[in-house]
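What follows is chain A paired twice: with chain B in the first complex and chain C in the second.
For the complex of A and B:
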């Protein structure tokens, strides 16, 4: 608060009111976020396996140990691959659909938009359940449809590659709506005049897209990409409901693996250390997001 | 020029076909689950599927009869609403203070953004350990407190820009007329900010309603929420497709209605106010 010139220039009763208004939230954040995090930090440098009793001795080597854990590395690889795949696919599909929906000549655009936005705020667990029903090897409608046109009917969640592919597709089904909504809002707020000038100058549709739409949309796309990346790095629900990390460990994400170390192996110390490493990665990404958001506002 | 006209018509046709295809890929899975929820046991399992049948509400009766889905529903409702209301009350005061007086600027404001980005798995482990000690595990207040960990920073963050967009002048005018600051806040600012407050509250409610990881770890027999309940429905005694479908429909329906209510402010909500 030291260099907050505006705040310090306020009359003292205003400063008092200001602090009083903030204090419930401030205390709340301390109780439900900061204190638990500090406790997790404390736990993360101790040996503690719940099945063997209470908290054990100080042990900083939890951090180097988990970084060498091949299972954590496996889950990190999976998470990065998953995040990269879904973000690229969702941005491409979402931008494409947003561009189509931006065309005022399409009469039913509001109907399309409403339908396309439905999955956005559905609980991830229900999204996973719907797709498990559809993809059920014996009872699912999708394999029946495939059999009608003579295509092979895979057991979708039984092979590592197909299971990973399925998670990606379901995630795209679920999350592309977010990209469509955000990019469409961005497209709508672009100034019409620039396009009119370009048309007078004889630019064709492709040139307008490449030299006006894309550069003007870049900050919005960047914000959408980073927000999606941050949330994709935390993917847990879809993996839980679709594959439980399987078959084997082929679809375990970081969050899912930490959950397993915590809840199945009951290793509180190591799982907390892993959670902290994930937390640092996410905070770094959030810092990037803040910088980009600042630039968008300017 | 007829060629450009033909070209444009062709372009429109292709656009419409793509959009229809995309819409169907969203609608058909949902319709299929609704259809399955209305089928009796025999029809639900039948492959090749029976396309025309007399709908029955047996599956809905089953989930409320054989499983206590009304309890899960109430748990979800109480927890989601309480956390979102508490966050709204506490959070709006803080947001007002930060917007008007720049209290703790910029650290307080920025910490609100980074807090809501935290991976839930990092928070849920210590919260579980603490709640075990203070006996809040598997209680409604326990999960409400846990949900405040993301509701509260989100509410503060999103409402700061709302309060900033309200001109200081109306507030000052009220104070010149003899209102105290608290009166000015309640009589002038709150009514103007009401749409923003409501959309933040509803958005938090939806996040809580959908939340899974906290609920999975912090609830037991007494406080299970809908997502946890339907996730466990899949593994119990094989799969009762009809019941799973009915439970899914019951869980999704309130969210779709609420999403429709706040659709105008969704972009702001989802992008943390960075895109309006």
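For the complex of A and C:
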């Protein structure tokens, strides 16, 4: 709070009043965030299976135990692969579409933008249910369309590799809208003067993109990457609706696995330990990316 | 002035007390007529046909008792996670006054002490008779360790549902005899069933692609595939636990059953079946794209409904080949966290009375009472219910273990991994045996 530009710009008397006014909300947020976190930490070092009574004795071995769990390791691998795939694809596709929508020569840009934003307005559960119907091998419209043009009709969710690929495609369909929105806002805020100067200097479209747009957009792209990466690491809904982690364990993500340990096994201790490990990993990855972002800005 | 005001106020209070006393003399007629006027009974139920039938009957109970019954209908997958936090609430503090309990949850809920024992209420009741229920249902969703915690609501014993028009088609019968040198007959074992299902997987319109599959199957993790596989295991003589709760799964029998299951999944079921849940597998049958489906016995009335099916009057039901399918069922229970246990019990007495249970059966419901199964009106409408009564009596329930949801999860995972090819059937059954031992009640 002390480093905030807004506070620093105020005279010292007003600064004190502003801090006093903001402090109840500030304390409230910390209580709401800190209390569940500390409670989760407390629970994570105790034995507690909900159907076997109240909270049990202290047991730090929850942490080493879950780290040795082969199913958690498998779901962690799946999650990393899924996150890397969807973030890279969504940034590439989203940036491309944002550039197109930023082009003032394209007519009806707002109509296209609205259409592209529709998936973002839908909850993931609805997205999963719709795609499950669309992807039905015999009764779904996608395979029907493929059959009309003589293409093979895959069993989208029935084989391990294809099911993983299908989840990536559905996630890209659903989440790219967010990237478009963030990057389009970034593109709109770029100063026109630099592009005009570059044009006078004889730079072509590719050179303008490579030497002006990309460097100026890098902080925005990094922010979009961080936000999207954090949410992709927590992917749960799509997996739950589309595959339930199958076939086999090929699409089981870490959040879905934690959900099962909590709600199926009712093992509150171990699931809290897993959730805490996931939280630490996300915080570390975010810190790394923020550091990269600071260097880029400097 | 103050004194006068006090006198007036005093008179008003006395007058209103007299009035309310007079009013009370008129009340008993209303309360005895409608003993639960103003009470709302909150119930959680699964979105299945039997729930629809109960909803269709509700207005009678509401008229009789004055209670309002608020049924929250949920998808099965969401029920357990939503129920547990409510069941752990203190006495009278839960959101649900009455619940339906799947047989998988019986041991878990009772060991945790979440359900109310009903023995005293049953003893005091003039309406409820326990000896009318089929013993297999009562053992599964009625009693637990000698006490009664539930009244059986409906059964979901699994059976073989098949297309009788294809089965009795002379051309099909001829082709079968030409291939196997014997007459086409209903299979009496799982190996025979898988062989028949593979034979029935055919291209019937000559366009070069298979359009009728021998078996509609549901390979989705965890419960769709776990439930389906248990029919194969039980019918081949395998069991997960004995009645004392000891793990008795035989490696050889388990591997054999799993190999037949995977064989059927790969060679007699639609290519997408490893990812199918109940809805997709049902749609395959209802669209006329499958010869058979090991499913709930009460799917026959649903498949005979022209609004939901294109195979009306073409389906027949028989026992799972081998004779011992999976028995499933739900029971009515009052959680200890119920805020209105008396109203909830009144509802159970009403909904499980012979008249209401019979009416539900006539709508297509799955009975649990022998008097309903054997009722002449019910049999006139559903002649196959005499077979279903035997199926319900002969089927084997899921083991009564408190960590049954986890056992289903493990079972679903190892089967799915075997179908996906990331695990051998030997390794899958070995892991199943190990996990059953780890998870059993000790």
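To be clear about the criterion, the second predicted complex is superposed on the first by the 248 of 298 C-alpha atoms of A that agree within 3 Å, B and C clash if a C-alpha of one lies under 4 Å from a C-alpha of the other, contacts with A are read in each partner's own complex, and residues count from 1 in each chain.
We adopt the following convention: a residue touches a chain if its C-beta (ideal position, glycine included) is under 8 Å from a C-beta of that chain, and two chains touch if they have at least 3 such contacts.
Model, not experiment: these values are computed from the prediction.
*Asks:* Quick check for you: in the superposed arrangement, does A:139 touch first (chain B), second (chain C), both or neither?
*Replies:* Touch partners of A:139: chain B and chain C.
*Asks:* Who touches more of chain A, chain B or chain C?
*Replies:* Touching more residues of chain A than the other partner does is B.
*Asks:* Look at A:83 in the shared chain and tell me whether it touches chain B only, chain C only, both, or neither; answer first, second, both or neither.
*Replies:* So A:83 meets neither chain B nor chain C here.
*Asks:* Considering only the touch criterion stated at the top, classify A:266 as touching first (chain B), second (chain C), both, or neither.
*Replies:* So A:266 only meets chain C here.
*Asks:* Which partner does A:125 reach: the first (chain B), the second (chain C), both, or neither?
*Replies:* first
*Asks:* First (chain B), second (chain C), both or neither: which does A:293 touch?
*Replies:* first
*Asks:* Where does A:251 make contact in the superposed view: on chain B (first), on chain C (second), on both, or on neither?
*Replies:* neither
*Asks:* Once the structures are superposed on A, label A:159 by its partner contacts, choosing first (chain B), second (chain C), both or neither.
*Replies:* A:159: touches chain C, not chain B.
*Asks:* After superposition on the shared chain, which partner residues are touched by A:279: those of chain B (first), chain C (second), both, or neither?
*Replies:* first
*Asks:* Once the structures are superposed on A, label A:21 by its partner contacts, choosing first (chain B), second (chain C), both or neither.
*Replies:* first
*Asks:* Jot down the residues of chain A that show up as touching in both complexes, chain B in one and chain C in the other.
*Replies:* Common to the two interfaces on chain A: residues 136, 138-139, 263.
*Asks:* For the complex, give me every residue of chain C touching chain A.
*Replies:* 80-81, 84, 88, 108-109, 111-112, 219-222, 270-275, 280, 283-284, 287, 289, 402-403, 405-406, 409, 412-413, 416-417, 419-423
*Asks:* Using the touch definition from the top, list the residues of chain B that touch chain A in their complex.
*Replies:* 12, 15-16, 18-20, 22-23, 25-27, 29-30, 32-33, 36, 45, 47-49, 90-91, 93-94, 96-98, 100-105, 107-108, 110-111, 113-115, 117-123, 125-127, 129-130, 145-146, 148-149, 152-153, 156, 181, 206, 209-210, 212-213, 216-217, 226-227, 230-231, 234, 239, 241, 244-245, 248, 251-252, 255-256, 258-259, 263, 266-267, 270-272, 274-276
*Asks:* Spell out the residues on chain A that touch chain B in their complex, using ranges where they run on.
*Replies:* 1, 4, 6-7, 10, 14-15, 17-19, 21-22, 24-26, 28-29, 31-33, 35-37, 39-40, 43, 96-97, 100-101, 103, 105-106, 108-109, 111-112, 115-126, 129-134, 136, 138-139, 141, 144, 173, 178, 181-182, 185-186, 189, 220, 223-224, 227, 230, 233-234, 236-237, 240-241, 255, 258-259, 262-263, 268, 271-272, 275-276, 278-279, 282-283, 285-287, 289-290, 293, 296-297
*Asks:* Which bits of chain A are touching chain C when the two form their complex?
*Replies:* Going through chain A, the ones touching chain C are 50-53, 136-139, 155-160, 163, 243-250, 260, 263-266.
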